[in-house]
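We call the chains A, B, C, D, E and F, going by the order they appear; numbering starts again at 1 in every chain.
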Amino acid sequence: MKTIGLVKEPEFETRVCLLPKEASLLIKQLSLEVLIEEGYAKHLGISDSAYVDAGVKMQSRAEVLSTADTLLTINEIEGFTPGEEQRVLIGIFNMLFYPERTEKYLGKNTTVYSLDLLPRTTLAQSMDVLSSMASIAGYRAVLKAAGYYENSFPMFTTAAGTLTPAKVLVLGAGVAGLQAIATARRLGAVVEAFDVRSSTKEEVRSLGAKFVEVEGAQEAKDAGGYAIAQSEEFLKKQKELIHDRARNANIVICTANIPGKKAPLLLAKATVDAMNPGSVIVDMAAEQGGNCEVTEAGKTITYNELTVVGDSHLAREVSQAASQLLSANYFNFLKYLVQSTKEEDLLLDKSRVIGNGVITNPLLTDKPERV
Amino acid sequence: MKTIGLVKEPEFETRVCLLPKEASLLIKQLSLEVLIEEGYAKHLGISDSAYVDAGVKMQSRAEVLSTADTLLTINEIEGFTPGEEQRVLIGIFNMLFYPERTEKYLGKNTTVYSLDLLPRTTLAQSMDVLSSMASIAGYRAVLKAAGYYENSFPMFTTAAGTLTPAKVLVLGAGVAGLQAIATARRLGAVVEAFDVRSSTKEEVRSLGAKFVEVEGAQEAKDAGGYAIAQSEEFLKKQKELIHDRARNANIVICTANIPGKKAPLLLAKATVDAMNPGSVIVDMAAEQGGNCEVTEAGKTITYNELTVVGDSHLAREVSQAASQLLSANYFNFLKYLVQSTKEEDLLLDKSRVIGNGVITNPLLTDKPERV
Amino acid sequence: MNVLVDVGYLIATVSFLGGLKFMSSPKSARLGNSVAAIGMILAVLCTFIALKTQTVPTTNIIVIAVAIVLGTVIGKLMADKVEMTAMPQLISLFNGAGGGCAVLLGVVEAKQQGIGDPNIGMQLLLLLGLVTGAVAASGSAIAYGKLAGKTKDNKGAAVVFGSRILLGLILLLPLLYFVGLLPISFESTAYALAIIALVYGVVFVLPIGGADMPVVISLLNSITGIATALAGFVYGNKAMISGGIFVGAAGILLTLLMCKAMNRSLIKVLAGKFKKTKASADTEVQNIKEITVSETAMQLSFASKIAIIPGYGLAVAQAQHLCGQLQQLLAKRETQVDFIIHPVAGRMPGHMNVLLAEANIDYEHLKEMDEVNSDMAHYDTVLIIGANDVVNPAAENNPDSPIFGMPIVKAYQSKQVVVMKRGMSKGYAGVSNDLFGMDNCSLLFGDAKDSLQNIINQLKLI
Amino acid sequence: MNVLVDVGYLIATVSFLGGLKFMSSPKSARLGNSVAAIGMILAVLCTFIALKTQTVPTTNIIVIAVAIVLGTVIGKLMADKVEMTAMPQLISLFNGAGGGCAVLLGVVEAKQQGIGDPNIGMQLLLLLGLVTGAVAASGSAIAYGKLAGKTKDNKGAAVVFGSRILLGLILLLPLLYFVGLLPISFESTAYALAIIALVYGVVFVLPIGGADMPVVISLLNSITGIATALAGFVYGNKAMISGGIFVGAAGILLTLLMCKAMNRSLIKVLAGKFKKTKASADTEVQNIKEITVSETAMQLSFASKIAIIPGYGLAVAQAQHLCGQLQQLLAKRETQVDFIIHPVAGRMPGHMNVLLAEANIDYEHLKEMDEVNSDMAHYDTVLIIGANDVVNPAAENNPDSPIFGMPIVKAYQSKQVVVMKRGMSKGYAGVSNDLFGMDNCSLLFGDAKDSLQNIINQLKLI
Amino acid sequence: MEFIHNNLEIIYFVIFCVFIGIEVIANVPAILHTPLMSGANAISGIIMVGAVIMISQVPPTNYVTLALGGIAVFFGALNISGGFFVTGRMLKMFNTKK
Amino acid sequence: MEFIHNNLEIIYFVIFCVFIGIEVIANVPAILHTPLMSGANAISGIIMVGAVIMISQVPPTNYVTLALGGIAVFFGALNISGGFFVTGRMLKMFNTKK
């Protein structure tokens, strides 16, 4: 690994995965050569000269693609076909969900790392693109919802009456969900959250929000592990509860996901129909099928006087911040990769999808068909 | 005053000035008849039947305009020409700034109240449309800015580095400005504010923000009344200071206004040129000429990699909340008008622009030409 | 027999001590009172036992018994009947009684002393006891009169000057007597001194402001204690000595503490100098009542339903976090605390919402004005933190006021109102506030942040 | 002459009293120490004056003088040389010396007593003094050994059983002697008792855990006080009686207060039952040091540069407002307080930012980990509030740890570390934390909100 | 000097009493100032003991003195009983809650 | 009983001393526990006075007793001097700030 190459991302992508600061670190700390396509980050207001100042060589797309032995990218590289030469490709390919994306690399001497597969351990956090993007997306989701919501988020007691605070329901309290909770609370909304993992209960409360849970003895009994052993009755109760809380809410932020699987359906059409006009649903699980039945991935629709945003890439709307974090994540990963000496390295093994043209990741070999 | 009439607002207006709740109060408490054009608030998700349930008669536009002796509206009514009959027109006409708007009512037996002229006293607050709209607009301005800002508002310390908090500069700390301060602070930004009225200093600090003031002895001497007696040197220093603070800021919210006059110019082109790329300016004084030199009223432009929003009607984007407050304001005003018994009533005298076809408001008679 | 008496007195002494000790913690205060009372009963019993060894004429016994029964019964009746607000007077009255007892004792004893051969030490103690008792007696009576509103302040030069002369006389007379320059008997000297001291007590208290009476009562109480101790020396009675000294010493410290709590110096209190309220700058004279932090804390601790009305001053003081803390603290004691938000409180719509949200106060504790206004009488205490215009009853009942017609939070209807502000400056509307002069309203001056912090500190001690 | 001595002793008594009183407020504590010391010098001087009236042989005088000079100089030297952390040992040693003095005194006096005609009261006092002194002396010596790490805990049945038997003997022996059933002289009885009591002191302290030593020292100190008072009775010396009783009574209360502050009962301390830390469930045995709230407050009050490292526990406890209050309080004392935010503290990126912003903590007080990590040694105290993984040095020095390689806040490099957590449960990564076992680290157990509130309360008193 | 020597006991006694009196009050919360004052006032009623002793020494025929003494005892009793009862009532307020 | 009567003074004295000892400590902030313990320890060194008195009564030829007494005085002096000095040092820490 000597020459790192980056080419422009596809049109829809606003983020970049290497900023001048980290580029210069790659060059200085890791003694790598960095080649970048001209005009790479112009849309972010970062000129080519900023990269040149950092020691990067700016070249044409074709040059970069042919010269670099390691390619960094966020999305699949348009017009790139792996050849016979030893190549490393690092990106966020979500191949667990799109197994067809692996095909073109098979048998090609190419090694592919997909950063979304990094284990979610404490050690890997500095390279964890899912965390950093989810975090920004969660923040953005609330701003987005507030933008569509034609009423006020905080309470306003005024001489002309009181505007009630918005009621926000967050489904899924992972990184994105927690950030959404925090942002909505900051804006003065009344926030409730739901998740199947019982450990999130404390986490939700630690942000001052209410955790929605099925009441009664059931809960206590199953506490600690009901994500696994959910009885039929329990599931039904849970569903009713979500229906009920959603009906009451003005904003629903959906973030529930199951890695590599279709996202769980939490807001059935009937529930959406029962919601107040003017309410807003932001479904961040849209790409994985959505938590809401009416979501259309990548689109913002009006359904029944409700606004339903289906967007799994909200971080793209905060492109500066997102690029900053991505750039750090990629740099940390590269550094780890270069400095790794161990034979079997958990982080690398997990994030490697294809090793020299062979699928090495058991997650993909075991169940290649989409679930 | 017996029959109140309302017709649909022009296309660009999203708010309405009477909601079913207050309509019913007008009918029950004040024994008035209320006529409303069909489909009046449909765009807000409020059906005609909701008004009918409140006791309103839904009629065609022509019928309403010909029957009602009192017309409530936000903007000038399209296609309405005052006739010889006794009529009262209540709206928010901003006639101080657009004196030409008075012309068609002169000599016509029409009485026109413009609620923007209500005095800003404690007593009038429940009818004070400027306050309620400014308040919502101030809140919205920050959300809007956050929407355009491609970086994060709050500070985020993450494994991939720290995102610094946005620096927000609020110019003008009236109602809108204070609300903007509060909202930006809630979102975790670092907020500074500037105003010429010295009493705002305490108000700004009471919201936890920093007041930008010219340092040195000058300040202490002039404290308490420098809005009037500003020395040349002082003004220069002040200008430099704003330039300096704006250069440092990521978001500038402009709310400075002088009632009935052109808005003060606070951000010269040179200052805007010096600002960081990616910054956002929201100029709420756009309609009155703007606080920023590059603002274009009613438009959102990109200037030098900066986003400049020129919008004096941000409340329209929070139409539900705005309508709720407006409706209460109009109701309170009508109630006051109906119940008023005094010969000389400060509130009514000040808000009345034209009394039976004659300009009665001294502010307009004294200086009819635009300043 | 004598042993029993000795032990009894010892136990009485210890129980006074324990009683006082217990009384200084709110939790054990009632126990303390009982302990001290039991000690007192014991002391009296011991006295009777001691008397048994002598032969006391029946008449005397009867007189004693009747007097004790009468005193006890009347004392109990008075204590039962008194209203909460009249308690300070009553304490003053009782203290006066104690002083009266000391004078009479001195007078009678002086007569006895006059008979036997003179013992200068004894005589000195006697005269001292007499004087202190007399000052306490008449001073307490005047203090009672003032508190009951029957006596007016008098700071006339005559009074002040007279008091100096009398004090001089009190010091001079015994001196002259003992060096033998006074050609009258000890008895007469004692009588004269008693009368002078009685008058002195009157002129001593007369110039002192009504608001300072509690301090004065405490001081007089301390003086009674000293008189008691002196009498104790005369009779060689340990219980009297220790009880008297406890009260004397405790009383003096208490007096100083009370001055400190009122932020006054004892000297100024005694000189009758009244603290200038910042109100005095105002042209309109409003009869306002100040309240101390501890009284406020006491009120809050008694209340079971409290309303907090925040205003612009809370924002200025940036005391929202403390406000939240106070609410939590009170909630822990099962006090209901509602926040009533007036629509125009603060300087922008929603100003108070921002503050209270920052302090993490649940929306459920926020009440709207309209919701509670019909119900204000149910609040035991309303705490107004830096609000002014929004609670000004002028908006309801003064048609000339510029804010007439504006809806207000009807704080004035509640049982007790405490207003926290820094001085007497007006609110945004620039009108003076009639609420401040009302009977159920007291003002707690100071920055809201400091005041809240102090209230919280005090509440924590309870 | 005698009058002078009386007055001197009186003043000494009063100065002990005043000294103790002053010592109980941080502001006047040093003055208190000086006052008590002066009182002590006075008492010694008075004793010499009193001796002057008798004819004391010169040899004796010389012995006395030499002993005093030697003791004083050595005491001063030891006090000067001792390190801060070794102070408790030293106090224990000094206390042992006091106890030793009492035993020797008892032994010698027993000899004298044996000569004259027996006075049962005197003998009883003597024996009591002897026993208490002996227990204090040997107990203190053992306590010293434990604190200095020279003696190990011994809870063996032999020790525990032995201690009961010895106690029985101590009670029995004098009883037997006085009823005349013991066929040995008073002197011998005294010697026997002294030896038994010395042994008892050893077995009394032996089983008690090292962490409980301060409590034990306080108790032994109190016992020395009693021994002193008893000796005072023997010599009819008021200064000794009062000084001894003051110390005895104060010491007992202090012992109880210390137990309370450590959240233990005296009985359990004495039985050598060690509080079960929740750690005990752990298989790995970590040698952790607990710290009390007051010690934490003391550390904070001494420090001039403090770092607070917040973690997930702060969020769980929702103690952010208190955290802000603590910072304000310390800032008022001109202590620099930095918040160090680890990038992955909490459960989501920016978790700590949300908390600290809510508590209104200025961004300028927030430091990034990288910014301060090279500088950690400059912090006098680092307060870790509910953080765990992010300060675990295993990430740096244990290649087998699952978090090896993660950057951490190098809290362990600072002078003192206090970790606030509820028990010994692990952090998110599920690994045990080596920091907790380090020398400069102490753990303050309890919910962060409660602990912070208590620290704040204590700090306010200073 | 001689005086001190002779009355050493009583001097210790007085000093201790003063100290205790002060010490007991020193840390009292301001809220208790009034009840405490009231309680102390009641204790100072111990003066009645003096009055009782005095009256018992008066010849029963000396009506004036007897009357004066009687009044003194009455005053003392009033102070004691009123004092304790009123303190009790005041303190009862503290127990209305919790 | 007789005993109480005879020693009334001393009983008052003891009770008061105990009370004062306790009272003085009662409200001490926990931070001062250690210095206070140390200070109290120093005060208990007053036992040395006893040792001095004792030694002064010993015949100068009784070497053993004299030696024992000397050691006792030495111990007492050590307790006093060490106690006060170490307390002083400990308390000095409080004044490093403000």
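One rule holds for everything that comes next: a residue touches a chain if its C-beta (ideal position, glycine included) is under 8 Å from a C-beta of that chain, and two chains touch if they have at least 3 such contacts.
Computed from a predicted structure; not experimentally measured.
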Co-neighbours of chain A and chain E resolve to C, D
Whole-Å distance, C-alpha centre of chain B to that of chain D, is 68
Per the centroid of Cα atoms for each chain, what is the distance between chain B and chain E, given in Å?
72
Taking each chain's mean CA coordinate, chain A and chain B are separated, in whole Å, by 39
Junction residues of chain D - those touching two or more other chains:
17, 21, 238, 318, 343-344, 349-350, 354, 357, 360
Going by the touch rule set out above, which residues of chain B reach two or more other chains?
125-126, 131-132, 135, 154, 156, 158-161, 163, 186, 188, 208
Check: chain E positions touching at least 2 other chains come out as 12-13, 17, 19-20, 23-24, 26-27
Chain-level touch network, classified as line, ring, star, complete or other
other
What are all the chain pairs that meet the touch criterion?
A-B, A-C, A-D, B-C, B-D, C-D, C-E, C-F, D-E, D-F, E-F
Going by the contact rule at the top, pick out the chain E residues touching chain D in the complex.
1-2, 4-5, 8, 11-12, 15, 19, 23
Which chain A residues qualify as touching chain D in the complex?
121-123, 125-126, 131-132, 135, 138, 175, 178-179, 182, 186, 202-203, 205-208
Touching chain C in the complex: which residues of chain D?
318, 321, 324-325, 358-360, 457, 460
As the complex stands, chain E meets chain C at residues 13-14, 17-22, 24-60, 65-66, 68-98
What part of chain C is in contact with chain B in the complex they form?
312, 315-316, 318, 343-344, 346-351, 354, 357, 389, 402-407, 428-429
